[in-house]
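Which chain is which? They are A, B and C, in the order written, and residues in each are numbered from 1.
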Amino acid sequence: MRKRTVLLVMLLGCTMLFAFAAGSKEGAGNTSTAMQSSTPIREYPIVTSSPVTLTIWAPLNSSASKHITSYNDNAAIKKYQEATGVTVKFIHPAIGQEREQFNLMMASGELPDIIIGASYYSGGEFQGMEDGVFLDLTEYLPIYAPDYYQVIQDNKSFYREVSNDEGRIPAFYSYKVPGDPPFRRIILREDILSEIGVEIPQTLAEYEPMFQKMLAKGITPYILQKFGYEEQFMGLYDVWANEVGGFYNDNGTVKYGPVQSGFKQYLELMNSWYKKGYISKDFTSLNVNQTRTLLDTKKAGMIVDAIVANFNRSQQMKYSVTAANYPRLQPGQKLHYEGNDATPKMPQAENIGAINAKSKNKEVALRFMNYAFTEKGIELLNWGVEGLNFTKVNGKNVYNETMLANPKFGTEEASYIYKMHFFPKYNMPDTEVHANLLKSPEALASRFKWYPDPDMDSAYKLPNIQLTPDELNKRTRLMTDITTYTNEMVLKFIIGATPLSEFEKFVATCKSMGIEEAVSITQGAFNRYQQK
Amino acid sequence: MKRYTAEDITFSIANYTILGLVTLVCLYPMLHVFFSSISDPILLMQHTGVMLSPKGFSLDGYRVVVNNPNISSGYMNTLIYTFVGTAMSVFFSSMGAYALSRKSFMFKKAITLLIVFTMYFSGGLIPNFLLVRNLGLYNTRWAVMLPVLIGTWNLIVMRTSFQQVPSSLEESAKIDGANDFVILFKIFIPVSASTLAVMILFYSVAQWNSWFNAMIYLQDRALYPLQLLLREILIANSTSGNLNPDSDVLFLEEVIKNATIMVATLPILCVYPFVQKYFIKGVMLGSIKE
Amino acid sequence: MLLPLLLYYFIFHYIPMAGAIIAFQNYKPALGFLKSPWIGFTHFVDFFTGPYAWRLIRNTLVLNIYQIIFGFPVPILLALMINEIRIRSFKKVVQTISYMPHFISLVVICGMLVTFSRTDGLFNDFRVLFGMERLSLLAENSMFRTIFTASGVWQTMGWGSIIYLATLSTVDPNLYEAASLDGAGRISKIIHVSFPALTPIIIIQLIMRIGNILTQGFEKIILLYSPLVYENADVISSYVYRRGLQEMDYSFGAAMGIFNSIINLTILVLANYTAKKTWNQSLW
């Protein structure tokens, strides 16, 4: 018996020792290095006393990985290095495991100079700055990254999104001029429409007769989105929500969609359509591919999806799709839910680049990242290498065959092999530089149909507000349970498993689960955002 | 001369019928995967329901897999990990199981408890990662083989099997002056051959199918095992790996998914019949007369 | 002889266990173990005072119990039946094919299940044969446990029978002869010779299986469920997964893992004790 105790004690002792050893990596406090100069530095290439190689951690795009193993092989990056006079070495995590490998990198304590994907940090990149892991860029930008700084200064909403409540900036973000046409539309097949003799519906009232005729032909009229939230029909009643907890901004007041009375009207609409057989009975278990296949095989009549993707695919399948405009209760109804491109900051992790607070090459790294916001850098990353994948025609940049019709790979891959589709940079509009859209004038046209719509804006969309870690913790705790409940109830209401007379009970339950607290937390953060 | 009773015959008929059905039901998924892997990608996407024959014909899925630059090193690596890893695992597991099965061993209860405890509590991803790094095993082949050296479940099963070996065998060997190693390798292993065969099967299949440890601990693509590469190919060609809402639909996703399963699974399916030989008859030689 | 074994477990299992401290903290990878602020039992309290705690625990237990009741005996029966095959080649074929489903990845299996469960799918074709109506089966709460359990049995029964077959092959053929001489028929022989030979391994397997009663991997659940069937399908691990998606919260997942393990271990000890007293077979 004693021997066993001894063994156990030994084990515990060694365990403790190890824990201490492992825990000795400290987070550095916020140190500010002496500024070398106080005037903006704009010259490229960067001249240093000895050659500098910067290390960059970045996710490798999965399509590109089929042909290149590192962005070091990317044509635009090669030229970028020449232009800046800096060599870079990319470190890529395994595809599909970016989050895990990011955390392992953090745990190991050995960070590269630049970290793209900084939002993977626990609590977000702002937390990374607070913890002293990412460099606080605020003081450095005017001097070492004047072009990026200029963009921030010229755009108030961008400034609000990239800074925390004290105005401190943790990373290089991608700026995109808002205003690309929306990519998600109601999609219908032209041949079905002509078979049943129906025009593209404009108002809600025109949808039911169309559904009726489709049903008569044995076609399932509408494949509703898996969780039951379709903003294009919700918007009719001035609400918005989604399956991860939809907060929206109604003229300065933050609201939670599912408990609004307008939402009840939405549910009534969906329920009546479901009862009449207009909505597929399998909608809760179909994924995107299966839904698209149903459209391809004429088993479904209407889906809501990305218009260009469907257009290109349908061309290959030898039929034509068309998009419908946002449905309205009556013509001219003003709608506010278009969330695409509503704000200038691009949210993808690949568009967020932080600098390691302990990097030995801070100034070089800053200037390197800034180049993406200079005129030459913009062209390089948005278009690629002149002569290689695009040419100048009458002063305008035009992609050539290598880009649009490459025998070895499609435009998706090419966007990561010849240029950098996702990278912290100044982004030109998709309709000008996105290769997928420029493949054919018809593809581009399909995206522009119904645009611009003067009666639609993005007023409902909440900008990228920041919550403190405490707030985030609290709200997530509440929302995980509330969304579990809401998502369940939404589907039950739609398929009629729960009668809509119980809607008030549903609202009351949400309240008892703390939705009002969650809303007020969000409201607080939103107010702070507006003050900036 | 064997006489077949009525019971014998009814039993056999029922047995064969049921097993026949079982076989068909179990065969179907493999057929589905196989037919899907050689089907034309577009026709495959459009097909729903039961698959009793390939839709069209195309080797596109296999082509993508085979064209991957690391595929041959992937196979090589997996073979190395499987053979070496399994050999080491079986070797050390049997030693440990033998020790734990000896009735006279004082600590066996305590140690077994401690070992079983590890099936339920583990440090988690990050502590394990730090450990491997601090041991200097990061980015080496050992990082893939050592952390999984002994499977607790396998160990327990082996121990149980060793416990069933009659003590008379051990005693007679001891009388002949044999030490523990001799007893283990010359007596216990042959007697428990079928269990050992199962251990070999389980360890090798586990090693063959593993990719997670390789993903965390290896940086050099040349060391990647097959499954990790296949997984990357799959993600690269899938809509989940694709962030761009405007991109063209990737037709190859389904075909590649099925082709990768075939490529990964066929070799391991061949191991079983080989190992099956040992399941035939018990190896209780007439070494003791009860 | 024991040394390598002990070394392995100490190094690769016990040392990292120190990291289990995470569960009690708000862990930040860059700060290391000592600096992450302690928030004690907050996570546990959070979970148990939530409105769904009971449902999640119940579902986890029920699905596991179903799997044990239906899934545990089947590989044993299968092994006993295969053992009775006299025709060598048929025996080989059945064995090899029966474990093929084990190798097919969960994603593909679930893909098949989803397709078959659609209103126009194979399962519904069978329902029509029996005069039942077509339903989107995975949207029906009452069907979830059946589909989940049955597909689990189908996928694992072949592989699970291997260990039993191996044990059966060690049975002394003389025992069967002796039984025949005593006038035993096929079924009697199975009950009195084959089955007893399996008893030790069955008990050990059962103990270890019961010791996992609170563990339900989330992958298969996530692939098959939808909010409509949360009532029967949502388990602890799928809930933790959804929570993890909303914020990068390690500590919550780790805390739940520890809770899981403590309960499992307790039940394991109980099961072991019972087995020892009843059948004189135990894990330790």
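By definition in this document, a residue touches a chain if its C-beta (ideal position, glycine included) is under 8 Å from a C-beta of that chain, and two chains touch if they have at least 3 such contacts.
All figures in this text were calculated on a predicted structure; none of them were measured in a lab.
The chain pair sharing the most C-beta contacts is B-C.
Of all chains, the one whose mean C-alpha position sits at the greatest distance from that of subunit C is A. One finds 37 Å separating the Cα centroids of subunit A and subunit C. Centroids of subunit A and subunit B (each the mean of its C-alpha atoms) stand 39 Å apart. We define each chain's centre as the mean of its Cα atoms; on that basis subunit B and subunit C are separated by 17 Å. Along subunit C, residues 14-15, 17-19, 29, 118 each make contact with two or more other chains.
In subunit B, the residues that touch at least two other chains are 48, 126-127, 130. Touching of two or more other chains is recorded for residues 22, 103-104, 107 of subunit A. Those residues of subunit A that touch subunit B in the complex are listed here as 3-4, 7, 21-22, 61-63, 65-66, 69, 94-97, 100-101, 103-104, 107-108, 183-184, 288-290, 292-293, 296-297, 306, 308-309, 312-313, 316-317, 348, 350, 410-412, 415, 421-422, 430, 434, 436-437, 447. The part of subunit B that touches subunit C in the complex is made up of residues 5, 7-8, 11-12, 15-16, 18-19, 22-23, 25-27, 29-30, 32-33, 48-50, 92, 95-96, 98-99, 108-109, 111-124, 126-128, 130-131, 135, 146-147, 149-150, 153, 155-157, 160-161, 163-164, 180-181, 184, 192, 194-195, 197-198, 201, 257-258, 261, 265, 268-269, 272-273, 276, 278-284. Against subunit B, the residues of subunit C that register as touching in their complex are 1-2, 4-6, 8-9, 11-20, 22, 29, 78, 81-82, 84-86, 90, 92-101, 103-105, 107-109, 112, 115-116, 118, 120-122, 154, 157-158, 162-163, 165-167, 169-173, 185-187, 200-201, 204, 208, 211, 254, 257-258, 261, 264-265, 268, 283-284. Residues 42, 45-46, 48, 64, 69, 107, 110, 125-127, 129-130, 133-134, 215-216, 221, 228, 231-233, 235-239, 241-249, 253-254 of subunit B are the ones touching subunit A in the complex. Chain contact summary for the complex, subunit A toward subunit C: residues 11, 14-16, 18-20, 22-27, 99, 103-104, 106-107, 109, 120-123, 127-128, 131, 133, 226-227, 244-245, 281-282, 284-285, 472-473, 476-477, 479-481, 483-485, 487-488, 490-492, 495, 497, 513.
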